[in-house]
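Each of the next two complexes has chain A plus one other chain: chain B in the first, chain C in the second.
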Partner chain A sequence: MKKNLLLSFIFISPYLLLSQNNLGQINGNFETNLQSYTDDPSIDAIAADEVILNNAYLNILYTKGDFTGGLRYESYLNALQDYDSRYQGNGIPYRFARYTSDGLDVTVGNYYEQFGSGLVLRSYEDKGLGIDNSLDGVRLKYVPINGLYVTGLIGKSRTYFEYSKGIIRGADAEFNINEALKLEGETSYILGGSFVSRFQKDNNPAFNLPENVASMSARLNIMHGGFNYYGEYAYKINDPVGSFSFDENNYSTGKAIVNNLTYSQKGLGITIESHFVDHMEFRSERAKQKEFIINYIPTLSKNHAYTLLALYPCATQPEGEAGFNTNIFYKIPKNTLFGGKYGTKLNLNFARTNSIDGGNSYLNDSSSHTSNPFKSISIKDETLYFSDFNLEINKKINKKVKLNLVLAKQKYNKDVLEGKTIGEYGIISSTIAVADVSYKIKKGHTIRLELQELLSKDDATATNHADGDWHMVLAEYTISPNWFFAIQDMYNYGNYDEEKQLHYVNTSIGFMKGANRFEIGYGKKRAGIFCVGGVCKEVPSSNGFSLNISSNF
Partner chain B sequence: MIKKLILSLFVIAFFTVSSFSQNRTLPSVKVKNLKGSLVNIQTIENDGNPIVISFWATWCKPCKKELNTIAEVYEDWQEETGVKLVAISIDDSRSASKVKPYVNSSGWEYEIYLDPNRDLSRSLGVSTVPHTFLLDGKGNIVWEHRGYIEGDEEELLEQIEHISK
Partner chain C sequence: MKHLKYTISFFLGILLFNITSCDVVEGPYLIDDNTNPVDTNNFVKKVLIEDFTGHRCPNCPAAAEELASLQNFYGDKVIGIAIHPSSTFAIPDPLNSSKFTYDFRTEFGDDIDNIFELTTVGLPRGMVNRTGFDTEHQLGKDEWSSVIQTELAKSPIFGITLSSDVSNGNGTISVTAEALTNINLDKTEEIEDYNIVICLTENGIIEWQKDNTAGDIEEYEHNHVLRTILNTTFGESMGNSFVDGDIWEKDYPVDITTLENANENYSLNTLFMGNGNSKGWDENNMEIVVYIYNTNNYEIVQVEQIHLTNH
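== the complex of A and B ==
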């Protein structure tokens, strides 16, 4: 009897399933990055014992109506050399379920979240940098009244394949006044506030350490016509690292102020951004290592896409930094002398960061020391960290030729930005020029040439020499929509050390079709700093083949 | 008996798989508009005409090349096919404030949204930008493309023309 029941169920069930015409969707994406490593003493590249290393992951998402469930399988066998070796082996470090019911949005498992501009909390992933500090726990989002958005969360932060020791609790509220009061005026206001607290037991017998470390911020966004103002203030209570040594435990508090003002109209855009940061790194564990960082302080510089412009990249100094970043975007109209037939686009950018007035609170080790944000603007007295003055001109000459030119003057305090001993390299000054021309041969076929030049001057007071002058040439041939071929050569012809006047040649071929992309490459990569969005990592030099496959379904 | 069981299991598996919706649609995820309000991406519509969704960032050269190239012919495209382009920036707080000035200075007529926490790009499997999706009049994702090389806009137009017939 039971058997029969079971059988009939089995036979009927397909039809039951069919009658439910939608069982939801499954989709996802896959990526694998394979690289071979061979010895190359000239660039200090080291062969991997495994010869080949591979990073891969697969995301699977299931969606049905307001329900989503997902997971990511990650595989590091073993991790690429530019990844931390603690990414090792296989696993499912990311899985979650999320649903929305009557306006309540519930997530359990892993999630990424950012409060405001991220000064007190940002959990995110960046595969290029090897960052993934997703929180694992519970997150709720709710809109109790029109225009009021509330988020509450609790979780532990991922570090590689483990979780750091602290428990993170956070709440954020954003109030859109115009939505709440149904105002239709030209001016709109958004207020916001966040509170984040980390709990970690104090097991240190020698020091009295705070077990609950709070970090909080308030923000304001006003929009009026073409103007947009965003301001945020953040504060963090004392958070000593919990070492056994008196010198390493520091009880100073942290703070950050962000002020952004932008204006735009058709053909013109202006941005003025500034910040003041003092001892504001917030971590998921009472420790110094950067893998525990769970907040984000936006870097004040242009994110350059050309290699030599990004050779000496700016990175935020959360321990103490003041700076600004201004942009003017202007399009010279069509049919004018400089606009030509299609118009000409200009972007003028000036960014600068320096140390803060009286030194940062960490060095002064006193919660009563206050560095004056206004005094920090007096550039003269402060140590320069980074400055970049550049002009980019983008022009379509005719139907076949497009041109992009960049001229830049940069100053880079290598000692501070790369954590070297003060006086080792000092401030490197460089002048950079880039010309990027593309020429359409026939339908779908385009050749593109990039010529880049970096002339640099070492700091006269420094004990060491930096890399000196560089050329770079890149040639790319693309056949839309499926193929690209590229070859590039970076040549460090001006290196002080003649043995290091080397060519770094790279070739790559890519094939793209629909949702799949294949790329194989071969060449030498120089050691250096690789940054995405102002967050940087050090990349070792390497020599070998690479294979990258990515696909969506 | 066992054969029957196995057979029926296969039948179940087949129907289970085939009854998963074959048509991919946009997930129910919120993005921000340039006024700072949250908008569910499922609510975007274009009167039954195709929609192009293009993920981009202010720091991404090929993205800007793609969207600037399309901007020149966008009016023609709209007239011919009724298509609407929705450009979704994945700029984070470092560069999100530059989105509106860049868009306005470039004179883009697209519908612009921000996805700073990458909720939408993650749920669509966007790992690098540019990444372009084409939605038919019913909201089904009928085509997608990673990256941009010059001339790709012509393939996109062919795809749009194909579904707007």
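== the complex of A and C ==
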């Protein structure tokens, strides 16, 4: 870590000096999230030994002409309880320098990159999930001829304050036929291909392991008028985890097929997304750990913002799932019977994912099974993982009142999506209704009220009960542009265990001025078990104060 | 058209790169050559895996299987201890319940977890000779084998010899450690102190276990379960300076009933939802595991194991 600090200092300091002579520009942003943890036996919340925990970040970016240099200082003293404890201490785990010269774009240090839809490579950062798998190494981008975009990279993937063992090499080419051939048709075509390979030494004397594991994909994008089709096929060669246990080393290949079609015109939008994924988890190390994943398979469900709609969220199963997500947006025009004075926005969404034909592909010395993507189209015999059928109506009643209503039916296979034992909770069915009204009292003063209800039905064959029914109320008062006040109560009134029929109350006050934002909160959070890639983490319940400050310059 | 040629050759290039740089392994995948001759005359380096587990942890049986596979391959060079630390995965149900009523937790396991914090990163996890503390010691099961390779390649600096005359719940364990090289003789700074730890584990405990695929298993065989540590969780000092051939010896009296009572007391009086159901030790299924570690970095430099009885 010391070495990193020093390196970054050497990298950056000359530019800091230069900037004082107006030779370039420095900007950045800062964020700190402080949380206190106190004992609360009613929700099994345990006080932190440190009493308060804090995560903070500072990004600094220097730009001058074609040159950019940047770094991020991260401080976890100690990491918030819902963060992995391997985020600990201070450091500069992210620093880079980048320039462009005669069409060649060179990056050294840390970088984020995605090839295609991410099936073979996606390095990204998500503070909410505690994910940062930036690559550290070299990346080149070049446009050799009009319409051909080429990227090549080599690097190691970040895991907390370390780098994982595998060396990642990748290349991607995107060919825009219309640009290259100067076609001026109504239809445009973009072809793409990616290749990513991971090297890790085989030091397992019991098994013959591949040292160079490759993953590749081909993609096609066709646009015609309001239509947009995107298709991608990805393939990964054998990638056993390197265990000593016979059954754990799966030598089968992986594959993924993505087909997305959208259509849009004024007042109407239709999106149909689908995928088939089989044994497609690609990691920066052979061993299975959630933090090592370097590819991404988009989740096929609507990303809900309302709490109870997102209480049972869909999680992609990269080892095997098939599904689709359909979205229809329609705006009923103004001055019609249902459109009223301002028009009415409708959004109908239907998503479903399920298991694939006979489970994921599997191959070792004594058994083999290959799943058939075409069989998975028939969902008749497949296990349901997740389904969500919902309708959202957004209506402006008059100049003062806006209304948003959502009605949803969800099914959630808790055992599969949370890595529980099969049969423990089974499939939870819930019906959710949300009403969100905002009322503008006077200029700059708005009050917003959310009422949410979740009625849940447990699986009759399951051995355990889920949480049962919930109410939620949220009231928010905003005085723009500086203040907001919010209070919310989640009430688990339908819990089968009477002692757990609890209120989870949260309050917060925010103040924004110029480039700075302050928020203080107090409340209780629910506990849960969070599982990814077979490794489970208990996210504890908590009770305490929080303070978030963010600013930019 | 010239552009198209470029493009085609570029894609061909990618394809070529692709063929030359990936290793498709054709079966058989298992390497037959499973010969690891152990030279019985000399001390060899052995490795300790501490497997952090719990009876309600559905992914944990896979880690136990990994440990068994490693032991199957490496023979007695790989020694295991299963630690059931106090987390929700190890909490027992009340005695009148039908499942998961056994309390596997021990004060020693909890002390170890407090230092190494395996439960905070999620189970199953393990440590291999406690290497990599304090950033890279919490290993997923698939990471164990690669660290074992590195550890086994090292030369042993101590040799441990154990004997026991325990029968019917009482007896004495004799521990002898021999320095196999000069240690710290010329150093004036950063002198490493070595501690020795004497543990008892038990195999073949038939109790409930959650499993990812099989559900709740009634008659699961729990092996290598840490029962107690005879000379405190972090052991006792052996000193810091050794000449090749130096011998350290000590005898430890064992009284199974007293040790069982101590665990019961911990379960009943200290642990959350402890029900005291932690007894029923079978001395014939028990092992003595002794390890020596460097107190500077906690790294275990040698470990040995024998049966508690029948010597």
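Following the convention adopted for this analysis, the second predicted complex is superposed on the first by the 511 of 553 C-alpha atoms of A that agree within 3 Å, B and C clash if a C-alpha of one lies under 4 Å from a C-alpha of the other, contacts with A are read in each partner's own complex, and residues count from 1 in each chain.
One rule holds for everything that comes next: a contact is a pair of C-beta atoms (placed from the backbone, for glycine too) under 8 Å apart; a residue touches a chain by one contact, two chains touch by 3 or more.
As the structure is a prediction and not an experimental result, all values here were calculated from the model.
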item	value
Chain C versus chain B on the shared chain A, clash or fit after superposition	fit
Chain B or chain C, by number of chain A residues touched	B
Partner chain(s) touched by A:Phe484 [first = chain B, second = chain C, both, neither]	first
First (chain B), second (chain C), both or neither touched by A:Tyr296	first
Which superposed partner A:Asn29 touches (first chain B, second chain C, both, neither)	first
Chain B versus chain C as contact partner of A:Thr262, first or second or both or neither	first
Partner chain in contact with A:Leu71 - chain B first, chain C second, else both or neither	neither
Which superposed partner A:Ile167 touches (first chain B, second chain C, both, neither)	neither
Minimum C-alpha spacing, chains overlaid - chain B and chain C, in Å	18
Doubly contacted chain A residues - partners chain C and chain B	534
For the chain A and chain C complex, residues of the former touching the latter	84-86, 144-148, 150, 160-162, 169, 171, 173, 175, 180-181, 193, 195, 197, 203-214, 216, 237-238, 240-249, 251, 285-289, 364-365, 419-424, 463, 534-538
Touching residues on chain B, where the partner in the complex is chain A	4-5, 8-9, 11-12, 14-16, 19-21, 24-25, 27-28, 35-38, 58-61, 65, 72, 92-95, 97-98, 100-107, 116-119, 122-128, 143-147, 149-152, 154-155
Residues on chain A engaged by chain B in the complex (per definition of touch)	7, 10-11, 13-15, 17-18, 20-29, 31, 59, 61, 63, 65-66, 68, 70, 100, 112-114, 116-118, 124, 127, 149, 176, 179, 188, 190, 221, 223, 226, 228, 230, 260, 262-271, 273, 296, 298-299, 303-305, 327, 329-331, 342, 345, 402, 438, 440, 443-446, 448, 478-481, 484, 512, 514-515, 517, 533-534, 550, 552-553
Chain C residues touching chain A - in the complex, by the definition given at the top	3-4, 6-7, 10-11, 14, 17-18, 21-25, 27-31, 34, 57-59, 62, 65-66, 68-70, 72-73, 87-88, 117, 119-124, 135-136, 138, 140-143, 145-146, 149-150, 210-213, 215-216
